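What follows are several structures.
One chain, chain A, links the two complexes that follow: it is found with chain B in the first and with chain C in the second.
Here is the complex of A and B:
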């Protein structure tokens, strides 16, 4: 006499049913590839920006792994999960979206059943919504417009969580509060916003930063002490960093001393009256 | 054909816990492995962005049931995420309320809870957020009176007991922005020339200096010195353009409030000489190695050890005119 378990355990109850696929799912694609009922026993699928009618849209079989894509009415590849055919076996297939954000979990009936996907043959196996739609109760799509989800850099890097803007290499960030009048409000109220000020001021010492191994700090001349017959004076550069040498002063307008500039210095000499033109 | 309803069905099976992690016959000290199926019939949890939860590596479990007073029991759920085990979810059941409203059937009680906030910045609660949320549905509570006969009694878990089905967990780890913060890395600091004593800094250098944490809900970007900010569709483009934004700065911008004061003895905030404090040119001629040439009638004597050049005009060997034949 056959025996019926009145209250089967949750996973046992689902093991031989289509769940988490919907009752109407055909569980096979147009090429006859069959999704076994006991492949998964439960799921939770919550991609950001997901829409209705989520389904298993594509299974790519490679020699060492299977990649499962979940789609919906808006996109065929909303998130994906990987089942490795070697290493530590697990009955969990973690889902993630294109930026690596968690997007849910497919729970296999056991890890060996997941390995049976290797028998599908290498290549891409496509499914339509009618073939492999999930039950609505396992799909919890998160709204895409719930505030800022993250920042995407030009190279595709995705940043979320506690995000830090850090200035360096001549960029200094500052903080200000910005008063902004809200013209949409009835009383034109002003609101105070947090402002990030971006200052580009350069890095005067960039050479030593990027040539740290070979850079030697120069020893600059900052003052010239002139010692003459009338004592000594200290010369400091003008605002442009320049010091001028002159050959005459107010007492003598016909000094024989000559200073001639060259490309990298000065020629100091005298013009002798004995050799001058007659 | 009549079917059992959802909660009722779950009073007869391990759900929402893994099969084998609950309702085991007693063998030794009482633990949550021995918790009857009928006590908890459903639960669900949502992990927030900072939790770092992973389905593969972490688990949620009922950690403890405690009888805190004659009629009140607490159910404490925890997880094994490193650093966050100290953020339990505690649900409370008053047995007198449960029993008084029972009219023959089971009084299923639903309760929502959230963990303590994760405090990101002590100075503001702007971006604090619970690590996780959850709900608990309890079924028959009568057995707790027997399992926990005295006030203060507790049943605790074992490593394999009362583990929650993973599909009852929604993982939002790293799924959104929890806070925006600004900081600046240290400027390139000057080093002393060879042979000179090293520059002594009154604070540790090479740090990242925090400017502001937990900016508000609405944030705007403001072009500062030599900066232009453009928006194109959903892209914010910051350009370095000399003179744009606030123009060119009149002085250096400190990285932290009193940087100017603590470095008052140095020429600049980086410790380097300012451009107008060193000799860049003589008579407008700039050269890394500046030469003094003897043009006749003078004697130029270098004295490197004394950092001195002696120019002695002796009027001998003077030329008629430079450049003339």
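Here is the complex of A and C:
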């Protein structure tokens, strides 16, 4: 009488099959390095821009880790994952692309099986598509032109996800809606688009920025209160910013009072027959 | 006896015997009444934009010995039936010439943007012919594991107004031309720390660079014409702020008249006395506005100030012999508010005896107070560092020597001797050594005197200082009014050096006749050689207000400077 396990669990079912590799995968490379059927029991691979026939293209064994590269018909290194040989062991190998974006997951049958990769010997182990092709259902197509997923700055920094633009040091940003005319349409229809305006406005207070700890705001003279024996007058500047002092001979036809303007001030004096203005 | 027999069937082999990737709920019956063989299509993975429909189904299939052709359509739901109001969209097709290889991915050819995927065929692709069509999704829709809609990304493209160029790629390369820069940063937005792209103006790139000047579009010489910063340039013609000292013309509003500043409301008072009469000139265009001009008059005539025009006069006296005195005017000695300072030594100590000398022996320093900056004691052990010319303290250089060093590179360093209660008729002396500054630091050293709190702001200090400035190669007499320095006198020096000991002596002398004034002399000598030996004075100190009870001591302006002793005497050698 034969015995069969009719309803195995998912991991158990896949442990002894090639899955997630294709039925036609040879599971060994030209140098005889064998990928055990129980190395992985499931996978999901979704690099952005990935093409058909994704496969395990390269395994680099180092003294402390294994680096697994996934390729396809368009590129040998579409994404990669790392299996550390020390520290906390896991049965999951998270994949990422060259910009660090998530690109999928390889699920090992258990963490100790993944450690067996160390027995391959240090170096780079190359595989062809026929050696290690994955099943179609674990390879998720994600089109590369589906929209903007991230930005690269000049220093190579990559920013993705919920991206915010912030202005500083003389730059402010503004959100606007822009009307754009579609000249290709017969009726020249316009469409309303969201827009970001980058305003380079400088910074009138830049000296405070540079001299943050020593800059002191000056207090300017806004009014001059002139007090005399006959009362007081409060003077404010005219539209040109001037306050004027005059003399007059209304009280005395030969007034000795003199106002003399200099480069930096005003000399107020009386004329003396002996000493000139005092 | 039983025989164990475990069969491990691989993924595609399993699928040859089941409907997958067609969903279990689909009946797989064509419009012609034939059942779709399960071993033709064994795996698939298809994605399409969700606005085209929720499910995708196989609408047509042809397999024969020459070709393989499959067509897929989307539908709003499993139960949808085709009608003019319920559109079905063909999204992709696979057309292959035989022989088609089993268990290999074949990409679909999309009819619409953002549609993609691949199919895998099984053994049924080569040993049978089959043709059929499916008009409703319920007959042949793909299970969710094999086909799912995708949500369109929020930002599908980037462009500029009035441009046909559109960026639709997955990753956008951001390039910033100087003086703009872009960097990744972290900013708290809505209580969450977020990764952001920060865009700003780079002062370092632009300042003083002719290349950068061209890059930012500045006209020839514009930076030299008062635009001192790229921030200034882009702020435009209305971006000048007098309160920030950024006026291009260099002209700014008046802060002080004779060192007197306005009150909190910006108002300053000028009082005229004696014969003066004041009158205002009203603003003709807007009489209700405050006047902008004042007329000063004197209710006296020149004749009242002159001797009678007789030669000789009626008493036979010639002008040279005249004892005539002009009529007296009432003068008000308008004394500005005085800067305050305690008039007694600290802790009710008795007044110090003179001469007073502190050599900082054992790094002890008595009755000194740090009023600004940072100071520390340093024990010098190298003979090249020790002040070997400190004859007031010892006749021969000791093996080690404690000195006091100013440290703050951003603030004035003020260290005053608080035991004295007067700064008139005093002679102050010290030895100092300057160091080359870096990172914005300055290089100078000097003596501060009559340092007291500003009368209307106890947080500010008002003082005079004699300062040797290495950068300017000048010996300066400066007055600080609490806000800014004004230069009373400067003497050009030659070969003022760092890492050399200098002797600086400052003398303040009170002159009582004909009126009370104050004069200063000061002397700077190079100690290791005779390259500098300068004595300056007398110079009248116009802002040396009574009661001149400020404190005196050691000083450097944003500089690291060593001082080796402090000497005060009431005998004036200069």
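To be clear about the criterion, the second predicted complex is superposed on the first by the 201 of 278 C-alpha atoms of A that agree within 3 Å, B and C clash if a C-alpha of one lies under 4 Å from a C-alpha of the other, contacts with A are read in each partner's own complex, and residues count from 1 in each chain.
Basically, a contact is a pair of C-beta atoms (placed from the backbone, for glycine too) under 8 Å apart; a residue touches a chain by one contact, two chains touch by 3 or more.
These numbers come from a predicted model, not from an experiment.
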First (chain B), second (chain C), both or neither touched by A:11: first
Touched partner set for A:195, first chain B, second chain C, both or neither: both
Partner chain(s) touched by A:230 [first = chain B, second = chain C, both, neither]: second
Partner chain(s) touched by A:102 [first = chain B, second = chain C, both, neither]: first
Partner chain(s) touched by A:248 [first = chain B, second = chain C, both, neither]: second
Partner chain(s) touched by A:261 [first = chain B, second = chain C, both, neither]: first
Overlap of chain C and chain B interfaces on chain A (superposed complexes): 48, 140, 142, 146-151, 161-169, 171, 173, 178, 180, 195, 198, 200-206, 208-209, 216-224, 236-238, 241-245, 256-257, 259, 265, 268, 270-272
Complex contact set, residues of chain A against chain B: 6-12, 42-44, 46, 48, 90, 92, 94, 100-102, 104-105, 107, 138, 140, 142, 146-151, 160-169, 171-176, 178, 180, 191, 193-206, 208-209, 216-224, 236-245, 256-272, 274-277
Residues of chain A that touch chain C when the two form their complex: 1-5, 16-20, 22-24, 37, 48-49, 51-53, 99, 133, 135-137, 139-155, 157-159, 161-171, 173, 178, 180, 195, 198, 200-210, 213-238, 241-257, 259, 265, 268, 270-273
List of chain B residues in touch with chain A within their complex: 4, 9, 12-16, 19, 49-50, 53-56, 120, 127, 165-185, 187-196, 208, 211-212, 215-227, 229, 238, 240, 245-246, 249, 252-253, 255, 268, 270, 272-273, 275-285, 287, 289-298, 300, 311, 313, 315, 318-322
